[in-house]
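Down below are the structures I want you to see.
Shared between the two complexes below is chain A, which pairs with chain B and chain C, respectively.
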Partner chain A sequence: MTRVPIAGVGMTAFGAQGERTSRDLFAEAASKAYDDSGLAPEDVEEVFYGNYMGELAEGQGHSGPLAAEAAGVTAPATRIESACASSGAAVRHGVNRIRNGDVDVVLVGGAERMTNLSTADGTAGLAAAADALWEINAGMTFPGAYSLMANRYFEEYGGTREDLAHIAVKNHDHAVENELAQFRRSIDVKDVLTAPDVCSPFGLYDCSPMSDGGSAALLVSESFAEERGLDPEVAIVGTGQGGDRMALQDRASMARAPAAERAASAAYADAGIGPDDVDFAEVHDCFTIAEVLAIEALGFYEVGEGIDAATEGETAIDGELPINLSGGLKAKGHPVGATGCGQISELTKLLRGDHVNSDAVEDAETALAHNAGGTVASCVVTVLEVTQ
Partner chain B sequence: MSEETRDAGYDDFLDALAESEPYYLESPSGNGWLPPRRIDPETGEREFTEEPLPETGEILTSTVTHVAGPSFAADAPFVVAVADFGPVRITGQVRGVDNEDVEIGQTIEIGIGESESGDRLVVFEPV
Partner chain C sequence: MTRVPIAGVGMTAFGAQGERTSRDLFAEAASKAYDDSGLAPEDVEEVFYGNYMGELAEGQGHSGPLAAEAAGVTAPATRIESACASSGAAVRHGVNRIRNGDVDVVLVGGAERMTNLSTADGTAGLAAAADALWEINAGMTFPGAYSLMANRYFEEYGGTREDLAHIAVKNHDHAVENELAQFRRSIDVKDVLTAPDVCSPFGLYDCSPMSDGGSAALLVSESFAEERGLDPEVAIVGTGQGGDRMALQDRASMARAPAAERAASAAYADAGIGPDDVDFAEVHDCFTIAEVLAIEALGFYEVGEGIDAATEGETAIDGELPINLSGGLKAKGHPVGATGCGQISELTKLLRGDHVNSDAVEDAETALAHNAGGTVASCVVTVLEVTQ
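Here is the complex of A and B:
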């Protein structure tokens, strides 16, 4: 385990700002990361940039060098695409490059522009993260895929729409004070249950929104941090990635997330910790059921037992294991390519004590990010620790 | 991708389905997969035989889709389901029954249908 200090982080507000290009969103996030770290564009030796649907939303491919240029960098730059796990994977690539000793400073992050699309076009764009032949051709949407998982979960382990509603309510509560969040208002269970239908059992409030936003982090080697007199308070100490069959129909179970189990197992081993050592986590709640699948795959709950966690208050801000203190994808927003590094940005601030919800985790030392792609055909788990 | 260009494997399966002769691919280990498939992702085996698909399957999970993409907007609301046929599971739309009456465990048979926009798709109907 080699620690990779996080020299600085930056995130735009997530929300509906569809007139802004993804290059501009990433530039703002990178700019904030420079300010946060004390580093400058000329320090960056490589860029890994997460973006999912630039071709669909902006007619823009080849966005690695474009993102680097927007961030003031002339250095090797590569776009990483792994659907909603794109920038989690970008972070992982950056960590690996530094651990290899290849470079000392990497700019990682991502951006996504989505709300310039109509709901129908955005729905089609997100569906492309599923299997085009066997799922999309049958009319499956992205909410539809997770609905299939939710209904299978209910069948195998029990649970109700109301249990899922508590997850949405909790994550909205967490976002109220977060200035970067898309939805800063509380909702109640009745709001969730009476919202317009999307795909049974999901109503509108079971789904994360379409969002525009960017995120960035500057990762450095320990030797570089020392040479430059940086004093990063948080470091990445573990990373893991897992994969699975693309289509739900080809998986051993539709009520579990084996890719997340594999990613977690690898990240825990890398960090030399277990699930009990994690003080709080940001997990990929693109739909309410996704938070259940995540906390079970991460080993926080036994399979089939995570469904009650929000209902019981265990994952709330004042619970034993706060989940999604930022508001999660549900309320903070989900600009797909920015989400994974956005989690890293929020966790870093929460651990450092400069996040609006930091007081809830004052003595915390270890946090975890879970970033899933598609219906968890890919997943990246990252473990962060305070350095002192 | 022009409308005229076929998706080899997938469209071959639909053609076979239209002739009531659906099949799946079986590797030497007995794993079943849908085409196109050259390598068994479980075993790495690279030889497959075409086997007849069982005539009926059982619904494992389903959802009533109210908000669809442009290709299926005119079809909404519709039911998407994953059905278990034994060696393979297949995703399709359930027809011939009220949306609210589709249940997990229901026995269905596979067929071919068309969306409102004219695209072929896999459909299931209760037996």
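Here is the complex of A and C:
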């Protein structure tokens, strides 16, 4: 395990951003990361940029060099696409690049523009992260896929729509004071249960929204941080990535997420810790059930027991293991290519004490990000620690 | 510099592949790489997969896990998108991953399906690798962009359409015996000059075709190769990646390729060699002028002198520095996501002596691949050496 200090982070507000393009959004996020770190574009030696559906939403591929340009950099830049885990994967490859020892400063992050699309086009664009031949051709979209997972979970382990509702309520609560969040208002269980149906068991509040947004982080080597007197308060100490069969029908169970289990196992080994060492986490709650699968795959809860966590208040801001203090994908928003690095940005601020919800985790030392792609056919887990 | 042995390579034929999808094409390429190496899917610890326009051509994003699945692997898999340099970049990140020391076997490669699209849709899809706001919106497509580069080159350094024609003629000659090539027939200068116009100064034969295809390589650590008694005859000894402003109008010159210069400089430094040490190369001749810009950026020729190389026979199969012995993108074909790793496959076989054109480079020790994205807003250069 080589620690990779986070010199600075930046995020746009997530939500509807009107005419702003992905490059505009990433430029803002990168600019904030420069300000946060004291570093400049000239310092950057490589860029890893996550973007999912630029071709479909903006007619723009080859977005690595374009993102670098938006951040004022001509260093080598690579676009990483792993559906909703795109910028989580970008962070991981940035960490590995620093660990190669060849470069000292890597800019990672991502951006996505989605709200310029109609709901139908946005839904169809997102569906391209499933198996085009065997799922999309059969009419599957992501609300449908995750609802299958939820129903299967209920059948195998129990649980109710109301349990899921508590997850949405919790994450909305967490977002109220987060000025970068898309939905800054509390909801209650009744709101969730009486919301318009999307796909049983999901109503509107079980689903993360369409969002625009950008995120960025500047990763540095320990020697560079020392040489430049940066003194970063947080470092990445472990990463892991897991894969799985693409289509739900090819998996042993629709109520488990083995790619996340693999990613977590690798990240814990890399960091030299276990799930009990994690003080709080951001997990990929694209749908309410996804948070349940995540906290089980991460080893925070036994399989079949994660469903009660929010209902019992254990994962709330004042619970034992706060989950999604930012508001999560549900309430902070989910501009898919920006989400993974957005988690890193939020966790860094929470650990440093400069996040609106930092008080809830005042003595915390270890935090974790869980970023999933598709129906968890890919997953990246990242472990952060305070350096002092 | 840490050598990364190439345990095995595989490629489909490039060309029109009917109903075959990208996953089918990558499965075939990976299968050939397994056979070539003696390794099995269970040995693979990570996958880097290059694909450019799966969303547009096949309605399929998130293709990292899908490519891994096609190759029989559930290890972490990441899709790399850098336009036509996608699988060159996948190779580079695979090399870096082996060099991290965490994994011993990485499957790299790429695939693209293009011939299922109409010419208009294919051209529009490719154009998404340029700047959507400032080039595509102005009506630019790639034949137009590269023709601007050619005309500017002529104005700055001289040269004629006939000089470019010699490049097409040479690369067609090289492809005649290559059973994986799309166009296995000789043409002459008159054929090129009298072909239908595409965009002045280009006729049809100045342009690489739409193609389907897949490519793969198995990269291993030296310790793993030794332990398993693999004895690979070729290794990657250096890689470099370069970036540039996205739009042609933002560059200092349209007749140069600084991203390629940067990639070459980094790759040479990594390999501890210079351009004079290279015995032969595969370069990214998406248009005839691109080969000129490449051999100059790589330092094989002074700026302004590369235009005469093919005319004078220096880069032909019996010349001093054979370029594109496979037939190049021009005649072997250009399934964009497969092209970069396809170069690695061809160079490996040429160096090992089991390529149809190996006799031309019998005592060669060092070869180089140059893989460019867009109008060279991104570029990856890879140096290969024989290990004995």
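The rule is short, and it goes like this: the second predicted complex is superposed on the first by the 387 of 388 C-alpha atoms of A that agree within 3 Å, B and C clash if a C-alpha of one lies under 4 Å from a C-alpha of the other, contacts with A are read in each partner's own complex, and residues count from 1 in each chain.
In the analysis below, contacts are C-beta pairs under 8 Å (C-beta built on N, C-alpha and C of every residue); 3 or more make two chains touch, one makes a residue touch a chain.
This is a predicted model, so every value here is computed, not measured.
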*Check the residue A:Met53 against both partner chains and state whether it touches chain B (first), chain C (second), both, or neither.*
second
*A:Ser82 contacts which: chain B (first), chain C (second), both, neither?*
second
_For A:His166 in the superposed arrangement: first (chain B), second (chain C), both or neither?_
neither
*asked:* In the overlaid three-chain picture, which partner chain does A:Met149 touch, first (chain B) or second (chain C), both, or neither?
replied: first
_After superposing on the shared chain, does chain C or chain B touch more chain A residues?_
C
*asked:* Just to be sure I read the superposition right, which of the two partners does A:Asn100 touch: chain B = first, chain C = second, or both, or neither?
replied: second
*asked:* Tell me the contact category for A:Met140 with respect to chain B and chain C: first, second, both or neither.
replied: first
*Return first, second, both or neither, reflecting whether A:Asp197 touches chain B, chain C, both chains, or no partner chain.*
first
*Touching A:Lys32 in the superposition: chain B (first), chain C (second), both, neither?*
neither
*Check whether A:Leu66 is in contact with chain B, with chain C, with both or with neither, and answer first, second, both or neither.*
second
*Determine where on chain A the residues touched by chain B overlap those touched by chain C, and list them.*
133, 136, 245, 250
*For the chain B and chain A complex, residues of the former touching the latter*: 7, 9-10, 33-34, 41, 60-73, 75, 77-78, 80-82, 88-93, 104, 115, 119, 121-122
*asked:* Under the stated contact criterion, what part of chain C meets chain A in this complex?
replied: 21, 46-47, 52-53, 55-56, 58-66, 68-69, 73-83, 89, 93, 96-97, 99-100, 125, 128-133, 136, 240-246, 250, 259, 262-263, 266, 373-374, 377-378
*What part of chain A is in contact with chain B in the complex they form?*
119-121, 123-124, 127, 133-141, 143-144, 147-149, 151-152, 155, 196-201, 245, 247-250, 254
